[in-house]
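Sharing a structure here in structure tokens format.
Chain naming follows the written order as A, B, C and D, and within any one chain the residues start at number 1.
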Amino acid sequence: MTPAPLSQRFRAVRERTLGLCAHATVEDQLVQPMPDASPTKWHLAHTTWFFETIVLRAPDPAFNFLFNSYYEAIGPRVERARRGMMSRPSLDEVIAYRRRIDERMSAALTAGAVDAALVELGIQHEQQHQELILTDLKYALGTQPVRPAYRDDLKQASGTAEGGWRSFDGGVVEIGADATGFAFDNERPRHRVFVEPFRIANRAITNGDVQQFIAAGGYGDASLWLSDGWATVTREQWTRPLYWDGEQHYTLAGMRLIDPDETACHLSYYEADAIARWRGARLPTEAEWELAASGDPTHGNFADDDILHPSRNGGPFGDVWEWTGSSYLAYPGFRPLGGAVGEYNGKFMSGQQVLRGGSCFTPRDHIRRSYRNFFPPAARWQMSGARLVEDGGLK
Amino acid sequence: MTPAPLSQRFRAVRERTLGLCAHATVEDQLVQPMPDASPTKWHLAHTTWFFETIVLRAPDPAFNFLFNSYYEAIGPRVERARRGMMSRPSLDEVIAYRRRIDERMSAALTAGAVDAALVELGIQHEQQHQELILTDLKYALGTQPVRPAYRDDLKQASGTAEGGWRSFDGGVVEIGADATGFAFDNERPRHRVFVEPFRIANRAITNGDVQQFIAAGGYGDASLWLSDGWATVTREQWTRPLYWDGEQHYTLAGMRLIDPDETACHLSYYEADAIARWRGARLPTEAEWELAASGDPTHGNFADDDILHPSRNGGPFGDVWEWTGSSYLAYPGFRPLGGAVGEYNGKFMSGQQVLRGGSCFTPRDHIRRSYRNFFPPAARWQMSGARLVEDGGLK
Amino acid sequence: MTPAPLSQRFRAVRERTLGLCAHATVEDQLVQPMPDASPTKWHLAHTTWFFETIVLRAPDPAFNFLFNSYYEAIGPRVERARRGMMSRPSLDEVIAYRRRIDERMSAALTAGAVDAALVELGIQHEQQHQELILTDLKYALGTQPVRPAYRDDLKQASGTAEGGWRSFDGGVVEIGADATGFAFDNERPRHRVFVEPFRIANRAITNGDVQQFIAAGGYGDASLWLSDGWATVTREQWTRPLYWDGEQHYTLAGMRLIDPDETACHLSYYEADAIARWRGARLPTEAEWELAASGDPTHGNFADDDILHPSRNGGPFGDVWEWTGSSYLAYPGFRPLGGAVGEYNGKFMSGQQVLRGGSCFTPRDHIRRSYRNFFPPAARWQMSGARLVEDGGLK
Amino acid sequence: MTPAPLSQRFRAVRERTLGLCAHATVEDQLVQPMPDASPTKWHLAHTTWFFETIVLRAPDPAFNFLFNSYYEAIGPRVERARRGMMSRPSLDEVIAYRRRIDERMSAALTAGAVDAALVELGIQHEQQHQELILTDLKYALGTQPVRPAYRDDLKQASGTAEGGWRSFDGGVVEIGADATGFAFDNERPRHRVFVEPFRIANRAITNGDVQQFIAAGGYGDASLWLSDGWATVTREQWTRPLYWDGEQHYTLAGMRLIDPDETACHLSYYEADAIARWRGARLPTEAEWELAASGDPTHGNFADDDILHPSRNGGPFGDVWEWTGSSYLAYPGFRPLGGAVGEYNGKFMSGQQVLRGGSCFTPRDHIRRSYRNFFPPAARWQMSGARLVEDGGLK
């Protein structure tokens, strides 16, 4: 399928962002219940700032300070933890700002007066923030003393996955994005990796698996946890995944019974790793995951499906981002983009783990087999889960 | 003048609170830029909760958790620092809650089915929160990267104070509220205190005094500061009062040139004490202050004057709360109120200093000569200043 | 009795300090288990530094940095919390430093080449640090996983106090030190205070009182505590006094059965205040305490008695420092000493409460009726207790 | 060369530990200037505890609590940051404890009543702590206000390295320890890795390189740093390596002129990575490092050489531990040891980077080509440096 022209895709992605916000109140869009969970209004403004600053290269100095996220090359910015304290500019003013920049972008796109690669990057960037809007809103609503639904009209998932394992012989394989089409700099270059034989589960860890882990005392057994993970469990008094409350858990449709057959979500790397160890298994490396997923189309339960919650499907794409056992590091031969966007990915290559496959919060056309998401190992507010792997061939 | 009937006063105070909020946006009313500065919406709800819980004694359990401030006897509550993260209930819902309780209160007042003393306490409590709404909104707006005015229609103050000192012989004097009329428990009983001769300045510290203190290197001279004050100056890098920025300072009318003849505001106790020491003077005790103010009517620049900023007047009432050198402790024979409202004042008698006289944020009919306000010595977001005193009689 | 000549008293106080250290190992004298509890070695050096810097006025620049406590006028210093990390200079070097300064002081005293008032201040200062050496060593030893005795040869106290109350009519009374004899600047000037009638307990709070408070659920009842106190109880999980462990408590003689008739020690102001409130009583003001003690000789159980633990006696002097309900503030007409020693007392007049009467850790000839000790209300590692007071005359 | 019998090696390693301590005072051996830098006395006791608990399996319960480091399976322990507050047991008692366990170990070794693999592990463990004793003592002495030398009789290094690069073709290579001889569990199994062509510097980063980096403004240029690294630089105000002070730096021989030709030490991963980025290079992966070192004998400047400071040599072994760009993760097929020693290595596989090659603080016979050391990226008190790598073949 021929992709739509850039200007059309630009307008579509911008419109979809506003659509996501239509379900939240003005107040919901302002709060920042923890430093990592930025306000919706901030996401609306920051994505606009990105086009204004990176693509149009004519930023308003005031907004530059207000809505720069982390670009040191571009200058100082509002402290991350204080984004939720900006009652001004108002949501209306931010939406007007969006409209203004959209018009300037449309004019520039029509005139061909923009760097198409940077527009593409801006579109991909906005899609990332679409996922973050859902993720951060879920946190904002789910940690209210009352726990309101985000939408009342969400769909139910259907279908069930088969269990079991698939085996791979390994050897020298290629992973990463080739030179064609859009990919982030961190997915390149495509390169060779040696992989030992392994088998990988047909489905991700389910809520039922987590329930068994809890019943077996997993959250109280130091021997199952990485040292840093155990320190986190102890300090933050984790006894179950985020959003779980007895038999129920918070979803964007409100509180719902926990379905043991659903793919488990909101697991930190520490939890995923501990569950794997308890099962006598481990998490896949990036290379194993990408090799295993090489035969699958990038189909699955994505944000476009209006479910916004993991299903019972087992496939590698959609539902939840899957933690890998690989730390987020540069591929051999990695070269960051030039200019300010060189800070986009490379400078975060420390202290984080790679996640793969996209989630039910990810726009469908945003995902790729080579896509590398990354978060610190204690992060649990992302739509994240995991899939087990064992050494060796057929079981 | 006969005071208005209780039901009329109840309605008036409740209406005035809403009037204060009319100048702020929905978003302004939600933010909490520091733990001490509660959101306007929270003030709206908490004052309502007070009537519902303390007067009507039939609290909604959910709201009880949401809007209890610090009453241990009444149960657990939302952590203070997280008040600004409550996007739900919405501002509209809080205003509807106000209307609901107002109706129940009106019915109960008409039926005579309430404890009048508790209604009076609720009215006084709401007036305190009216001052806090202005104080906290000033902080919320004044610490925005953009610094918007709260109102564009505020009035200008007029008049100028005379300088000089007034002398008092002291001796055994009486201070505190007598048994008639409303007063908080902490203002009673009226009791005798021995006061040495002293003289007190006719006007409070002015911006010009502060400018001279700055020019003399006061913020960098440890010898002028209490030890805890110097630690605060160093840790928080204080070099000038809160809201000062070069030649200007933030006011509820927006950024404005600093007028050297105006009474200085937003001084912490540490700053007031250091300026006094630099002048070779000191702050008055509560007894000195009350004795000195005994001949003055409680006239001055109050919130009702729609100036919302200190004037050039010098009197003890209005403009700024004046720090005293007295720690906030029980008067001899102090008895807290019974029941949950026993926590209203007494339990805070540790680590705070007394302030006197009311401010330009205080409702005029809320102030009394015996009124004891109290804040920790580092607090500077309050509308606070000070007045100097010297030992001995005529100068 | 004529006091001994200054040079003789200087030598005696210096020798006694070394005697206190003889019971501790080199390692005991180095550790600093919390920032407030300075190492013995540091006390040994700092008291010497005081004579070198303040009296001889010829400080070694290196030692000036190492052993200055808090004199801003004298310059920067080792951060308080890092005193216990100074393995160098060694204890031997510090003792040699003491000998060196002692010789210079002796020569200067003989030659009459010193300011006698400053020598006196240095002697009093060293006595204060003698108490701190015992206090801080008790903390260092008592918080070891093993809890060794400081001395095995300590004496047992004898005697028992009568209970009951003494009444005072109050009126205008004088408190504070008059102009004769040594007193700290903060004890002066002697001045008039108005005191209402009150009665004061013949004995301080006992361990038995504390046991009853615990049994009554006092540590779990918010209504008995100041707000800051309750926050401390909750945050630090206080359920009993410091050093209590079941039926026993740690003393400088090692773990010992808690004697219900002994005066209770290591109470914070918050605990003393809560126990008083639970008893329907309160703590005395400074003026009440000093008035009530005016007929008592300054006899009691002091450090010279080699008991180093409270007795069953009830008198106002010795055993424990008694918290008063008075905040530590300047007396009317207070003038700090000139020069660097102006920082000795005045700059701490914020956030602390006054304690009176001296303790079993205090040198007997160090105490005075007008003596004002002061600590923050959460401090419990001091040898501190309290005495109850009630309003009104005869019971 | 046939290795010495186990019992002889046991005695030798135990004796050498005491020898390292002979140069430090009792007080030096107690202090813990930061949580990571344990006291020498604690190292002396903990290594003994290891033999008592893991090998002899008959721990003294009291010592078990005192000197357990991080073994959750073995039970609770003294909080890491409070190790330096244990004045008891005294150093003498700890040395007596060592003698006691040494005798029991000797008897057990003679009787053949021990698991030889665990004795070997205990010996290797003690060697690791020998390096930590030097590392932590350097920190304890080098952060004293006075900065004493550890030894006055240390030797000077000689020789100079050649510059330039060596190229490697890469391909599928094997790394890790094979099944023969002692190796830690984390070095196994030996396995295949695909390596792209690269060239590696003949010598590690020198002080001269660091000086040029400083001169070029490297510590102030965000674009050179990982995001976490830049946050650390900013928060901790790094402007040069640890121990540098103008033209000099602290060494175990005292303050010494910085020699630009010496291998730079005490670099954190963040600093090594930033210097590499500034040079247009990067750090080697573990596989690259091990491949490049495969032709070198494990010769170099080790602790046995009594220099205890990096030389001008360039080889991969000795001088400094070299940071790699590889995160510390499990090798494919990794299996931790069984029992409590399963916690030795595996549970730390999160948030750390691998270092290779040993240092001038490492015992010579402790190092192996496959040896994997690991520390968090901000650690700079270790004897750590780095070596640069570039992509591609011959330059």
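To be clear about the criterion, a contact is a pair of C-beta atoms (placed from the backbone, for glycine too) under 8 Å apart; a residue touches a chain by one contact, two chains touch by 3 or more.
None of the values given here were measured: they were computed from a predicted structure.
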Labels of chains that are neighbours to chain A and to chain B: none
Longest centre-to-centre distance from chain B, chain (CA-based): D
Repeated interface matching B-C, over half of the contact pairs identical, chosen among A-B, A-D or C-D: A-D
Chain B and chain D: spacing of chain centres that average the CA atoms, whole Å: 59
Mean-CA-position distance for chain D and chain A (Å): 37
Distance between the centres, which are taken as Cα means, of chain D and chain C, whole angstrom: 47
Category of the chain touch graph - line, ring, star, complete, other: ring
Sites on chain C touched by chain B in the complex: 70, 72-73, 172, 191-194, 196, 222-223, 225-230, 269-270, 273, 282, 325-327, 329-330, 332-333, 342-343, 347-351, 377, 391
Complex contact set, residues of chain A against chain B: 25-28, 30-33, 62, 65-66, 78, 82, 84-91, 140-141, 143-146, 148
